[in-house]
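Reviewing the structure listed below.
Labels run A, B, C and D following the written order; every chain starts at residue 1.
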């Protein structure tokens, strides 16, 4: 069965919430959001998810214009968001602009903070999220501008950077899980929490990943597995949650999941 | 691949009690004579659980646990039945030397908030200049800013379990509390490792009508451990708007503090019985529904 | 016009809120509550008052069984109570069991705190109230068991006791206003915030007040005024807010306001 | 003795602006494109007030004030129009070197809470390990308990004035916010010396029906300074359920960041006009009421 790279990413992304138990699954930007939807639908029905505004919903809300009313099961206004995240009951997958070897990410500025070359969104809730609950990251373009050498320009979410902690010890709430890009899946289980490639998307080599990364990557022992193709069941769920095919607009030219098929 | 089973947190009163172990620190929701999880408290009295450290904005919940010897240490700012200002069983226990930690009402919820945020403490001025602050459990913290003010560091009031009574719940632990006052049930739930809930009714998620009732939804289900249906489970306290407090019963209960014999007889009749027999003994559902609105 | 001592106390009590502006007026126990009702009705309509449960009401709610629905103008649940009092927007008149020369009061225990002779209510919100907003006190029986020598048995509300503060300085929120008893009206404007008799109820002498007080009292300069009799307007308002004449049950034998009339 | 006059806090938009002085620190309620007091912001743009330190969960409120050169220093965690992720006027100002203090979203409301409790600071872990914590405005505080943890001491974010838009108010400043999300307007109001409010409608106290709408009442009137009626006063942001955001207008507004000339023309047409002319210029009341529900 053919599938797009976006679908592969969603399929791989869904797995990050599989064993989380009853937490809020937040996916920001369309692919992570679809991943969270699939995770709830197929792997972990205890997950809490929202309508993107301020309600918890029983079933994932499809992207874009809606043909059916949402099924509300709870209230999730912003004040509640912080109450919940401060007790750690959340796993978010977000899409930062930069990440460094410590897993520190940036969505605030490119360049100097006082007078940036590019002003972005601002740190939003990244600092609080990063030290309170599990976090995973998505990068649509795996390159050295996104996976940077040195430190990110402004550290919005904390990472495993001993220089930034008293006695080098990160807070117990810091829990970085996965990074999913257009090339591969990574985790933080390399030596000293180093970022480690755990699977390569079909047709991608480790060297290509390393060449497009600003810092040295660890790798799982032995041959690096290939990111598993989405099952028919997963593809059907993805289609159900994305009836307007917004997923086809996220990655440039909507490449196939197996680049050798292109 | 078969889909995993949906969440179901429904259990019995005894199922809830089974989550409470001797020596735990528990918090009990509601306030004085309002929305107390009394059916659960009675079930706790029937169990072997003992040596509890208990925090509550206390009413007959505390009185009963004290009378039954379940409390090792009481954390409180008051214990009252509103119209009977001093809870008589609490008074007996206190005068017999029950160990206590006395707090200010507002400070107590602030200490719950600290626990619910996983912070070791929160600063406050509350307690300064009073005997409350003489308790060595409180430390001091100095503002690192220009003001340099010395404040009380109030330690987090962490709970092993929070016992709450709500109006409606679904099987997943999405709940509604419909009362005029919310009290601090939400902070207790966040401060607790386990949140154990009795509900007047367990209904479908759709029946909760949460799109319309969002503001009656006190906390997300991820912090709810288990739920048991307990109709009239707050009696003799109120679960307004479902029903009001039962003043006649509260007076009978208060009178049971007169002697161990009277308490034993109250206990035989109202505690060591099933919820169904309790309901019959207090006059039945219709009688409870007819209780007049309490005036404070 | 004849009036009872309870009515005199209510009338004098109402004056404490006159110049407070827009704050919550809380009167606990019937006479202070009636005093707050009169204050709002006649002197300071900006005052906020509650129904005794959890609503702000536009007009004072009469004591006891009600013949008309309350006019709600706001929500006052307990969480809101602390939000409000911590910013100081309140003046409470409460009825402690003991008070000492510093204005410290007690409603927790008589005797030893660990094993009291009499367990009372508990400190309730007295500690927080006392250092955050204005407070006045009512004592139905002015005697040495209530106005005690030394310190009260358990300090529930803070007072002007330098020994209890860093460098002797009470917090800026401490603001003790008036004490009203069955014998007199007092304030805290004696030397070093000492308790001072400002008016004597008709037929009461300063010596009688002093003889019934466990600590030395200051007095206003010159002849101490007599507590003014309630006006006809005040008496009418009191009757309106207390249709069941609960005020007649508070003081033993419901004495007249001018004891010489007895 | 004649009874004193009842409270009346009603004024005009300009009456509200008159309470705001150059150099003040102000907070603006709502969130990004939701329930922003835009009519009041436009009135502020028409005034001589300048050199403001401004905190907001920012949207076009911040963009407009920045474009008009009213901001001396911006305190923020983001400035966004949701569907247009980065506010373009904010982006221009920021890249031109507008002085800022950047916070985390949750930390910001925690700092408002400190101010609303009159505390010098509150402890938090938020910011640890990030560039946010490099700002010397943050100090450190060590838990005086066994854990000995070092936490960030986040200073109180005290406001001279909070600018909020609500759905209903009476003359005394009893208000209702009917939106799906409450945001942090309540904390801003408590953190501020003055709370300045625009309301979709000013109605009688009875019409607020507060017995039924208690949970839509965000704070007590004692902290409300003044109220002005401003129908469609949140436009182009939403005041759901009364009306939704106006995406077409937000796009036109965003496009005005292209050059000073385009901004000047936007300003002439939509800012330097009376509220009545504004309403006509954006298509009238019926058009606003027909905006489709926004999807986030």
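Basically, a residue touches a chain if its C-beta (ideal position, glycine included) is under 8 Å from a C-beta of that chain, and two chains touch if they have at least 3 such contacts.
Since the model is a prediction, treat every value here as computed from it, not as a measurement.
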Smallest number of touch links from subunit A to reach subunit C?
-> 2
Which pair wins on C-beta contacts, C-D or B-C?
-> B-C
Subunit A and subunit B, separation of their C-alpha mean positions in angstrom | 40
Between subunit B and subunit D, what is the gap in Å from one C-alpha centre to the other?
-> 38
Please work out the Cα centroid separation of subunit B and subunit C, and write it as a whole number of Å.
-> 31
What parts of subunit B, by residue number, touch at least two of the other chains?
-> 125, 180, 214-215
Considering subunit A alone, which of its residues make contact with at least two other chains?
-> 54-55, 77, 86, 173
Set of all touching chain pairs, with the criterion as stated earlier | A-B, A-D, B-C, B-D, C-D
Considering the complex alone, what residue numbers of subunit B touch subunit A?
-> 1, 3-7, 116-118, 170, 172, 174, 186, 190, 205-206, 208, 210-211, 214-215, 217, 219-223
Residue numbers on subunit C that touch subunit B, as the complex places them | 51-55, 64-66, 77-79, 81-82, 85-86, 104, 108-109, 113-128, 130-132, 154-159, 161, 164-166, 170-171, 173-174
Subunit D partner, complex, touching residues on subunit B are 119-125, 139-141, 143-145, 147, 149, 151, 153, 155, 180, 214-216
Touching subunit C in the complex: which residues of subunit B?
-> 31, 57, 76-80, 85-86, 90-91, 94-97, 99, 102-107, 109, 125-133, 150, 180-184, 295-296
Subunit D-touching residues of subunit C, taken from the complex the two chains share = 22-24, 41-46, 48, 54-56, 58, 70-77, 80, 83-84, 86-89, 173, 231, 233
